[in-house]
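Chain nomenclature is as follows: A, B, C, D, E and F, assigned in order of appearance, with residue numbering initiated at 1 for each chain independently.
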Amino acid sequence: MLHTINKSPFENNTFVTCVRFLQPGDPVLFIEDGVYAVQAGNRFGALIQSVLKKNNPVYALKPDLDARGISAIAEGVKSVDYAGFVDLVEEHQVNSWL
Amino acid sequence: MDTDIKKIMHVMRRAPHGSIYTYEGLEMILIMAAYEQDLSLAFIGDGVYALKKNQDTAGIGIKGFSRTFMALEGYDVEKLYVDRQSLEERGLTEDDLVVDVEVMEASEIGRLMTEQDVVIHH
Amino acid sequence: MNIGILLKEGPYNHQASDTAYKFAEAAIAKGHKIDAVFLYNDGVTNVTKLGDPPQDDRNIAARWSELAQKNDFKVLACIAASKRRGINDDVLIEGSEITGLGTLTDIAIRNDRLLTFGD
Amino acid sequence: MNIGILLKEGPYNHQASDTAYKFAEAAIAKGHKIDAVFLYNDGVTNVTKLGDPPQDDRNIAARWSELAQKNDFKVLACIAASKRRGINDDVLIEGSEITGLGTLTDIAIRNDRLLTFGD
Amino acid sequence: MLHTINKSPFENNTFVTCVRFLQPGDPVLFIEDGVYAVQAGNRFGALIQSVLKKNNPVYALKPDLDARGISAIAEGVKSVDYAGFVDLVEEHQVNSWL
Amino acid sequence: MDTDIKKIMHVMRRAPHGSIYTYEGLEMILIMAAYEQDLSLAFIGDGVYALKKNQDTAGIGIKGFSRTFMALEGYDVEKLYVDRQSLEERGLTEDDLVVDVEVMEASEIGRLMTEQDVVIHH
């Protein structure tokens, strides 16, 4: 199951909550303001790494990263475009954590 | 049309009254209940507040709806899952809630999520 | 793959409608079928033709209308949510209709995916 | 005391409009003057007369219209925000007008208080 | 200056942020979903007490407490109705932390 | 009409693009700037992201506006305060921002807030 997160983790608890429910192997895709979670060197780096270590692939939507001026992203996080978002949806049911 | 029964989970995540999401979510659930699918509700984070007893909305001039959760049983919607941590963090217990629910660990609700065909957050 | 979209926020104020649109475009480009876009909560305001955004900005309602007509799907606004927010048949753009939540249930049942976009 | 109100969310979806209304009523009851309610962002959708909420629910647009007319103030919708969201002169309730942000600036300058309600 | 907070502190960072900017003596009024902050026995009790100790009076809007079924509120917090909200606005300029 | 100059502070609190608040806030500020009041802007929490360099919104199809902050100086809006902790928590420094700002402690920005006639959060 693909989990999408669209809120900044600095202002909103969504990412932290989602992690508690995440099953091993389930991918996480950050979109919209959610992409601030994966900016390299911020304080959510440890949480991102712990998610990756549980075999949960982590993605961020590149157009949203670009829009926010984020060029350096946390190690292990892959950036995808809208076509890549569609690819993930082909492979998984979707759980949008609004 | 596909005639298989689909598993649809509604995830209540917001506090009631500050926004309409929970209320309109409940309207959606009541309609979907007529379609004989496999419906469930999960209450996570501030969503657990929707079930709090003794809500009196007269003062804010907004129609209350916590009692509508009691009506769900009549629609055969009986899978109401509450995240234990969300409840405890808010200083609430099952006794504070208007309906009988299953209080569960996040990992267990997470496992049920992965079995769903559709998950809708409200 | 057949995909339904549930859109829960209005245009401009939140990015949800933009993301849903970009996703729908990309899915269509990859040969998938968008079955319907269902509008709920403030999302129903995506289909008013009364909007008149600045010339140099996107016109979100017109854009949905065009994508829907070109790809043979409808943008469906929930009737109860629409009534609350002043959306009725007189203000609908082409390619959109007002309908009930039963239609959303059908969309959820008959498609391979139902994706939600919102705040 | 003279009070201006800035309302940044639409009706029903958020409690902001309800709280602003209850505050305005209470301020008037205590003898204060509501100078104007200025609508911004999605707040402009508070003044569409096309809304048709359920009979047993409050009618937020009608309620603002009545309070404004009875107490001699206007509910003012920002023109730029209104155009984006499909609000124009044809859909306005009585007691409301479309105007520019300069008017909000005047409201901020000439009143003892400017209170903001939103999400 | 009167600070109003309308977001639940469990999902949103507004209360915690506001406290950093609060000047001694300034009152804080919780409204709408913000009132969950003052429910007795929750984990924001310590932050509420620290605010009170800096001589910042703390209020919560009673109609919003009632709507959410909150009867027991943290010690030292006063509940006010809409008329009480107006009283606070008479005494202070207003800073609404949306 | 009161002809005193009023102190009006705009507080930018949201990330750009995910919602319109910062953009429409900036539209408000540009109009108010013509009225010769004492305007200031404070960037707090995710509001600091609005000033981030190298925002390219072409991919999301939304008009960018970070450069508009550079135009504020031409309108004599020169009081741009940034909360130090908000900046640091987000791994940003002044060099990451599109305009010159005053990076200040929260207590100092809080003190300036209390001097205002009007404070508007966006």
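The working rule: a residue touches a chain if its C-beta (ideal position, glycine included) is under 8 Å from a C-beta of that chain, and two chains touch if they have at least 3 such contacts.
Quantities reported herein were computed from a predicted structural model and do not represent experimental measurements.
Averaging C-alpha coordinates per chain and comparing to chain E, the farthest chain turns out to be C.
With respect to chain B, maximal separation of chain centres occurs for F (centres as means of Cα atoms).
Two chain pairs, B-D and B-E, are weighed by contacting C-beta pairs, with B-E ahead. Chain A and chain D, compared by their mean Cα positions, are separated by 38 Å. Our note on geometry: chain C versus chain F, Cα centroid distance of 33 Å, whole angstroms.
Separating the centre of chain E from that of chain F, both taken as means of CA atoms, is a distance of 26 Å. Multi-chain contact residues of chain E, defined as those touching 2 or more other chains: 6, 10-11, 13, 32-33, 63, 81, 93-94, 96, 98.
In chain D, the residues that reach two or more other chains under the touch definition are 8, 12-13, 15, 19, 22, 41, 57, 80, 114, 116, 118-119.
Chain contacts: chain B has residues 13, 17-20, 45, 60, 62, 117-118, 121 touching two or more partner chains. Pairs of chains meeting the touch criterion are A-B, A-C, A-E, A-F, B-C, B-D, B-E, C-D, C-F, D-E, D-F, E-F. Residues 10-14 of chain A are the ones that touch chain E when the two sit in their complex. Contact residues on chain C toward chain B in their complex (touch as defined above): 6, 8, 40-41, 80-81, 100-102, 104-106, 108-110, 114, 116, 118.
The touching residues of chain B, when paired with chain E in their complex, are 13-19, 45-46, 49, 52-60, 62, 64, 66, 89-91. By the touch criterion stated above, chain C contacts chain A in their complex at residues 1, 3, 8, 15-16, 19, 22-23, 25-27, 29-30, 32, 113-119. Contact residues on chain A toward chain F in their complex (touch as defined above): 6-8, 10-11, 32-33, 36, 39-43, 62-64, 66-71, 81.
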